[in-house]
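Same chain, two partners: chain A is paired with chain B first, then with chain C.
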Partner chain A sequence: MRFGEITVVTPQDLDAEKLVRAICPEVHQASSTLYFGRRPITDNLTLHIYGVQVPSAPEAHRWDLLLPRALGVVVAYRWHERSSLEQAQRLLDFFCSGWHLPILVAADTGEVAPPVPDSFYAEGIRLSATTRFVFFQLQDPPSVRRLYTTLLDVLVDRVSDLYS
Partner chain B sequence: MVLERKKILLVDPDAEAMQPLKTLLLQRGCRVGQVDSGERALHLCTRELPDAVITGLRLPKMSGEELLRQLRSDARTAGIPVIIIAEQRLLDDRVRVIELCPDDFVPKPYVAQEVVARLEVVLNDRRPAPPSAGPDDLEEGFSGSLADMSPVDLIEIFHAAGKSGTLQLRKNGHRGSIYLHEGEVVDAVCGQRQGEEALAVLLLWNEGTFLVDFAPTEVPRRVTTSTKELLATALARAEEWSDAIATLPSLGAPLRRSEHSASVEVGEEEGALLAQFASPRSIEQMVYESTGDPLALVRQLRTLWDKGLLQLCGDDIPSTERHPLFSLMGHSVASRSPLAAVAELFASGGPMPSTTGSSARQAWNPALTRAELLVTRARTA
Partner chain C sequence: MADMKNNNSLPEGIKLLTLHLLFNGRPLSALVDQLDDHQVVALQRFVWDTTVEFGIKAQGNAFSHQDITRRMVPSAVYQKEQGCTEPTFACKASHCIRQHRECARRKLKGQLDAMATLVQEYLKINAKS
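Up next is the complex of A and B:
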């Protein structure tokens, strides 16, 4: 059996479980802040999603347990909340200083439509070779699922680049 | 979105077999044409200039191989991406695919979603063809997944076609190269290993990626065993290897000496091996960094593992699951407490990743191959 793992990280004010549940039929809650979901892909391949809602400083957690096998990380936050952005910024600084992981930064615009047309960020706005930015709406499961496909696009690009 | 309104030409005499793929492409907004021969496909390509062609190799009137050559040799059609669907079990098909160097290939049996995912990537990546593109340019290089074509498959192809060149292999951040001259393996390199010692490791890689470069190499011959013999031995060793690792945890998972090992008397050789696990190391790392026979080494490690002298880092985790964390998660289906243990462990704080410089950052080693990522993407959308 082969496993692919994606870690989804949110600040305290954004529900990590919903992000996991959007693509995983089966979600286990490990604690108030850690969720785990499985999505079977083929008979021999399963995607594992770890959802982490970070209530405190990122360094308070054993990321060395989650990240070494992670394909990539989604860092989600609430677009309209400054405190949420500040927490996401701390998470990004932390991940970028310690890991070479592909990262998708995802801004939840809540019930308000994203401020730019969908076509503008459909494939993710490229912040660097390994980091993209997208908008999404947590209440809209298709837009949440698109976070994963966008991250997987980044991963395919990265794997293709290994020989370039 | 990439596929919307794209003209895709399917070429296969078996229309029924192509139907699921055709249906999926139509659902994704493509305009799909379908023909049953290479000759008709070529005619249609010249007239309609489709955005991509998906073809089998064994076609009536004009083979898929000839179709690709003709497309590449005509400036009007040279830039059309071509995906070949080939029978992976047939050596002849594999040789033809490698030599043709299509934009991508899908081994049979295939799932339509995977083909569509690969098509999306090909269309995204497509750059204009160089104006001088000709038959010789087809041999610039071909890459793929070792899960689709193993190093043994690839060497077989070189051997059957009498080709010279280099096979570059990559697996979980480790690299290796195999050099061939007129179909014979002449040298190999993998970490500290060279020649047949390197081959002993590389021929066991069944995941990761490869790149074929047909440019002639000037390396001196260090491998003295004939390629025919190497291939015959490799198949037997691959089976022995599968048996040896069957009860071990994931080869990439970090292991360390168990606490139990301090109270057990072991022989000198086992003790020396055990000492290397004073700090966490994976089996894969051990194999890559050592110079002895990898099969013998793995058998020794299995003995240590079976005796309980090694354990996965962080916990006394059952070896039934490959990932340490998932071991606990999976176990939690029956009992909630291990899941809570994971949460407790995760929240316990731990070593900060170094921030002293970019070179100290943890490297990214994708656990899945490109093909697996494409399938995952297709089935997640």
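Up next is the complex of A and C:
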């Protein structure tokens, strides 16, 4: 059996469990801030999704246990909340400085439509070679599922860049 | 003096904040005062790249880099306004920001706000002051 691992990180005000549950039929709560879900892809391949709600400084968490085998990280936050943005900035700077992983920054617009047309962000707005930005709506499972496929696109682009 | 062109010196968190300002119809010039010289130059590069990306998405093949530059004050005009006697080729942020810091930052603020306005036009967002 082979595993692919993806870590989803959220500030305290965004439910990490919902992000995991959107693609995993079965979700376990490992601690008050850590969720774990499995998504079988084939008989021999399973995605493991870790959802981490970060209530404090990112440095306080044991990322060395979660990230070394991760395919990438989704940093999700609430678009309309200033404090959520500020925490997402801290998380993003932390992951970009210490871990060389594909990162998808995902802004939950809630029930309000994203402020820009879908065509501008559907593939992810490029922040760097390995970091993209998208909007999503937490209440809309298909838009949450697209976060995972977009992250995998970033990963494929990164691998393509390495071999081109 | 070496140019400062390292796009990687701008923290990703600042790039995220830049998108928030753009998508909320805000100008970008206020960001400049919070950044060091390397970051200011990297911010200009990031906003340029983003403007090009959105220009292509909005205009397709009709997009041209001149759509951006024609919104900016030409260097020769800017130098004349500032009473600058340096050669015109020297009037670019990556070259001049260490020698004439305030002047270069002032020019960059104008360029950033011009690009922000253009991006907001592409996105059909109402600009706010």
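Throughout what follows, the second predicted complex is superposed on the first by the 164 of 164 C-alpha atoms of A that agree within 3 Å, B and C clash if a C-alpha of one lies under 4 Å from a C-alpha of the other, contacts with A are read in each partner's own complex, and residues count from 1 in each chain.
We adopt the following convention: a residue touches a chain if its C-beta (ideal position, glycine included) is under 8 Å from a C-beta of that chain, and two chains touch if they have at least 3 such contacts.
All values derive from a computational prediction rather than experimental measurement.
After superposition onto chain A, the modelled positions of chain B and chain C are compatible, with room for both. Rounded to the nearest 10, the angle made at the CA centre of chain A by the CA centres of chain B and chain C in the overlaid structures is 100 degrees. By the touch criterion defined above, A:89 reaches chain C but does not reach chain B. Looking at the superposition, the partner that touches the larger set of chain A residues, chain B or chain C, turns out to be B.
When the two complexes are overlaid on their common chain A, residue A:116 makes contact with chain C while staying clear of chain B. Once the two complexes are laid over each other on the shared chain, residue contacts for A:125 go to chain C alone; chain B is not touched.
Closest CA pair between chain B and chain C after superposition: 10 Å apart. Note for the complex: chain B touches chain A at residues 1, 121, 125, 143, 168, 170, 209, 211, 252, 314, 322-326, 329, 332-333, 339-340, 342-355, 361-364, 366-370, 372-377, 379-381.
Across the interface of their complex, chain B is touched by residues 1-5, 23, 28, 30-31, 33-34, 36, 39, 41-42, 45, 47-48, 50, 52, 59-69, 71, 94, 97-102, 122-123, 130, 145, 148-149, 152-153, 155-156, 158-160, 162-163 of chain A. Those residues of chain C that touch chain A in the complex are listed here as 7-8, 11-17, 19-20, 23-24, 49-50, 53-54, 57-58, 122-125. Across the interface of their complex, chain C is touched by residues 85, 88-90, 92-93, 96, 103, 105, 115-117, 119-120, 125-128, 131, 133 of chain A.
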